[in-house]
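The structure under discussion is supplied below as structure tokens; questions concerning it will follow.
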Amino acid sequence: MKLYEYMAKGVLAEAGVPIPRGRLCRTPEDAAAACRDLGPVAVKAQVLVGGRGKAGGIKVADTPGEAEAAARQILGMDLKGYTVETVYCEQKLSISQELYLSLTFDPGAKRPMLIASASGGMAIEEVPEKAIVKRGIPVAWGLQPYMAYQVARRLGLGGTLAREFSDLACRLYRVFVRLDAELVEINPLAVVDGHIMAADARLNVDDDAMARHGDLPKTDESTPLEAKVRALGLAFVQLDGDIAVMANGAGITMATLDVMQHYGGKPMNFLDAGGGSAAGPTAEALAILFSTRPKAVLVNIFGGITRCDEVAKAIVQVRQQQPAATDVPLVVRLVGTNEAEGHAILKAAGVDAFRSMQQAAERVVALAGESLPVQSGQ
Amino acid sequence: MSVLVDEKTRIVVTGATGRQGSFHLGQMLEFGTRVVAGVTPGRQGQEVSGVPVYDTVETAVEKHGANAAVVFVPGTLAKDSVMECIDAGVPLVVVVSEHVPLHDAMVINAFAAERGAMIVGPNTYGLCAPSARCKIGIPPNSIFQPGPVGVVARSGTLSYELVGSLTDAGLGQTTVVGMGGDRVAGLNFIDMLKRFERDPETKVVVLIGEIGGTAEEEAAEYVKGMSKPVVAYLAGKSAPPGKRMGHAGAIIERGRGTFESKVSALTAGGAKVAQLPWEVAPLVKEALKA
Amino acid sequence: MKLYEYMAKGVLAEAGVPIPRGRLCRTPEDAAAACRDLGPVAVKAQVLVGGRGKAGGIKVADTPGEAEAAARQILGMDLKGYTVETVYCEQKLSISQELYLSLTFDPGAKRPMLIASASGGMAIEEVPEKAIVKRGIPVAWGLQPYMAYQVARRLGLGGTLAREFSDLACRLYRVFVRLDAELVEINPLAVVDGHIMAADARLNVDDDAMARHGDLPKTDESTPLEAKVRALGLAFVQLDGDIAVMANGAGITMATLDVMQHYGGKPMNFLDAGGGSAAGPTAEALAILFSTRPKAVLVNIFGGITRCDEVAKAIVQVRQQQPAATDVPLVVRLVGTNEAEGHAILKAAGVDAFRSMQQAAERVVALAGESLPVQSGQ
Amino acid sequence: MSVLVDEKTRIVVTGATGRQGSFHLGQMLEFGTRVVAGVTPGRQGQEVSGVPVYDTVETAVEKHGANAAVVFVPGTLAKDSVMECIDAGVPLVVVVSEHVPLHDAMVINAFAAERGAMIVGPNTYGLCAPSARCKIGIPPNSIFQPGPVGVVARSGTLSYELVGSLTDAGLGQTTVVGMGGDRVAGLNFIDMLKRFERDPETKVVVLIGEIGGTAEEEAAEYVKGMSKPVVAYLAGKSAPPGKRMGHAGAIIERGRGTFESKVSALTAGGAKVAQLPWEVAPLVKEALKA
């Protein structure tokens, strides 16, 4: 779960990380009032996607009138598909240097990693590798001040700045661990009047650890449809095509999309019904897929634990109960335990059933009228 | 003797009395696996499919000499269960639990490294050595068959699909291992490639990867130096960049971990990369002939 | 620094450890009011020493009148040399089992240790070794639930109690580490209505870590004199004798007391002026010693870093400035850098100066009129 | 060659520009010790007694091949400084700092154990190998003399007293080590007794203990099996029970760690226990003759 900038900054401030003064505003009038209190401000769209600056989501205002106008422009704006509902008005900073600092994890080394650069203020993936300092952090001991100080020296910081950097990084690390964060990113980490402060902040919390952070504010970047499917505990992503797809397991779902695309089909979604999922949620998810009015639906189930006959029964039931479903061509690929029984149930209900993934994919693409000439092997 | 487990592997199941744990305990027994004990705190004295249940792993190890564990407890409790297994001296811990928090996974791995234990997973289907009749985890029993192919994978059901297709083609397996779909996992591709390379019974290796992360690219470096043929299949060719596709790992970011980069790295490493799932078995057959 | 029971319980409650309801009371009337709110209560003297129960510092009261009477008896009471200034009125518990649980450190293994017993309610040193479960805790990983659960099982706990014990121990461990505690002790850890709660609590914080716990309430068990000397940063303990002693270094100070006692002297205090201490604090401490009107004073300085002449000058100055000092015989043993100069300064001021510890000890005992026939070597 | 340090020991001083650090850096140089670098963050480029100062231990080790460190930073900063030394690969770290928090001392020791480093202290005066002209820490230079006696102690000034009395009696030392007065310390009596037992130049060992803790009782067990004579002196005979006497360790509790228990354990172990400080040198002389 991603936190909005203002939430992340609230968390950091509590942990003793210096941040600029600022205030969350829901209306242009709020923004004007904030500017009266704070002086010249940056009016910053609160959205969960990066790159809002370039997209016009940040405007500087020197007077309450300018702040009001800026907020009026930004509030309600569409930023990369998300509507801006709040702005954060923050005192305008006179920044003498922009650094970069983040904490994330290193899958290879299986431990946290600090990433820093003296070239902040731009996306870190645009900073050349040699301008980036990386430091693995031992899980057992955590980030120690000396480690962060070494990084500060490598960035070319000295004196007060090196000490402040080290202190700030250690505070950030405590937040990173305490909140089960995947990423804490300060970009830019600004030098203002010879001191370091977090001019921006991203904080992404591990979804798998949300249960132990009930006190955190909640955000959601799902579309309503995604939220509906995810509420069933299933992984779901909306795509641009028109053939709805469901399979059980992330890898097989991706492979199913790949195969279908190979035959010219355009997937409408990624829906992983889970490797060990029961017939119940699978059926509910299928019902939702039907409600999105696809050209056709492909279900690819490898029945390991769940028996094929149970899955078949659930599929048939959904098809019968969903008014939208009867018109939509449904292709099911079903293998595994009680496979024959499953196929019999499906066929009796008029559903196309296959043992071969290849045939099922070809069939659903044909039913959606999207078949392409296929070059085998490429 | 297989590469991770053999006939002498004696398994303790944690979370044994839960829905998943008790079902798969039975399935493992049916496969022929030597499941010697279950553990669920507060359930000592009970039995699951005739296997005795204890309150602590310590006791299970003491009484039954368990030398491998499989963890079925809920994700947020997995860290404790895995550490308990390691502390009790279990050298191989297979973590089936899904939704293990990222920081817990890092702690588990650091603790395992300190104590010299091997972690498989979390969020793995487990592993199977068909000729040793040893299956630890949740894959369906029916897909396996003894033979010369070593399989290492990230995804579960995709593994079943491909292992099933191997078996259907008469190509049995020495050992099949799932690394698990999480971003921080114990055993990785290279760990397994090394073992397969050393294992006299493994004649060809199948690597089943997917977009996201750089594990396949790193594995490709190792493949270069291998004497045994490697056949790879990668899922995610059609995935749009920047969208999470279920597995936490399957996210395309910063130009790394793309389908193309993985295919070209593995190809450069000397692996044959199958474009479609059903091309894997024929490629393995070819490799065995060569 | 030791916390009072009520403070320790406040800390534990914040960390989610179940404690009985209770209230701190400063007057008998407060206690009566507490009993009206809480029902039958235990009125417990708040002192920093153990064994208050046996010493009459805990009384049970079923009515507000009884609570008032109990508080009247206990408040102002002298408990092992400490005057009771507050009582803690706590709901009377119907305890079905008394356990023991503490966290402290194991100097040999250099790590924290959990100590538990199913025989709680009495001093743990009176519990037989075989009824005590000890569990070393790895510093890097801390107390994990499974470790505490293993301990619970070894204590014979099962079901809910074992789970609650494990949870409580882990919470206690977090407090232990977070507060830099030397000791957290729950005795008894009580079973009430089938659940576990901390019926008493001790929490001793490492003095060397107090700087990072500025938010903790402060307590002080020093006598006013001890507080005065400790404020100089020196270690000081009042004893029962009449010869004041100061030396630099804990070991040498103890050895000086031993030697003096060997010759029949009775030490009035232990004052370690510190191995590397400067002449300044040494002089201030000496001035305080003179103010306690000892029969004689022995100063034993091994001048390593501090030069002997500096020490000698400081001693002479104190003696001249303290009206009380001139009548008190002063013996100084001084060796090390600039030893000769030091001795000259002392002799010029009429102070007995020795190079030999033996002679100095014999001399001060003689001056105090306490010499005993000495059996050499025993 | 001495037991912990020798002519090739190259020392880095952390907290080198502080009052204590800079003074003792000079004293160590005067003794002949090879102090190669100092460290104080923010002071790189300065010098102390001609020794260059760096911002980090890493740099000091890189530039000067330091293989031992002595830590003079304030107690609450010692943990960071010690971990920095260990992480930079320094195998021996002498922690002079006083008032190191207990939990920090535990962390330092666990980290040192993981990395295979040796900690002396905290709250120690350090150590000295007179024949190697190597003194690390704060004892006065004048008290040492090369010779056959190994000394290990808890207290500082009491060590100076007794080492001084040995030197005055013509009894030089191979190595003198202070374990430090804190409750959780790195190197302990047994670690040193083992080294002295192995060291061909050490002919007799002096153990200087005090009341509190059980380190002396544990050492006594090891003394039993030693081939070399051990002379002990213990402070605190007159201390009343239950009162803290300066050193955190010097507290008599629960009937353990009393003067009597230490004397009887050491005597049973075969050590000669001196009753008065000035009896140590004569007992050592006797032991050397035997």
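Going in written order, the chains are labelled A, B, C and D, and every chain counts its residues from 1.
In the analysis below, a contact is a pair of C-beta atoms (placed from the backbone, for glycine too) under 8 Å apart; a residue touches a chain by one contact, two chains touch by 3 or more.
Fair warning: this is a prediction, and the values are worked out from it, not measured in the lab.
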Pair exhibiting more inter-chain C-beta contacts, A-B or B-C: A-B
Dist(centroid_CA(chain B), centroid_CA(chain D)) in Å evaluates to 51
Rounded Å distance, chain A centre to chain B centre (Cα mean): 27
Compute the distance, rounded to whole Å, between the mean C-alpha positions of chain A and chain C. 54
Listed in rising order, chain B residues that touch 2 or more other chains are 107, 114
Using the touch rule from the top of the page, what residues of chain C touch 2 or more other chains? 140-141
So what shape is it, when you link every pair of chains that touch: line, ring, star, complete or other? other
Contact pairs between chains, per stated definition: A-B, A-C, A-D, B-C, C-D
In the complex, the residues of chain C that touch chain A are 140-141
Quick check on the complex: what are the chain C residues that touch chain B? 140-141, 144-147, 149-150, 153, 158-159, 162-163
What does chain D use to touch chain A in their complex? 41-42, 55-58, 79-81, 83-84, 87, 107, 111, 114
Chain C residues within the chain D interface of the complex: 105, 107-108, 110-112, 125, 138-140, 177, 180, 182, 206-209, 211-212, 235, 237, 239-240, 247-255, 257-262, 267, 270, 272, 275-276, 302-305, 335-337, 356-358, 377-378
Interface with chain C, chain D side, in the complex: residues 20, 23, 75-76, 99-107, 109-110, 114, 125, 138-140, 142-143, 153-161, 164, 181, 183-186, 208, 210-211, 213-215, 218, 233, 235-240, 243-247, 249-250, 254-255, 275-279
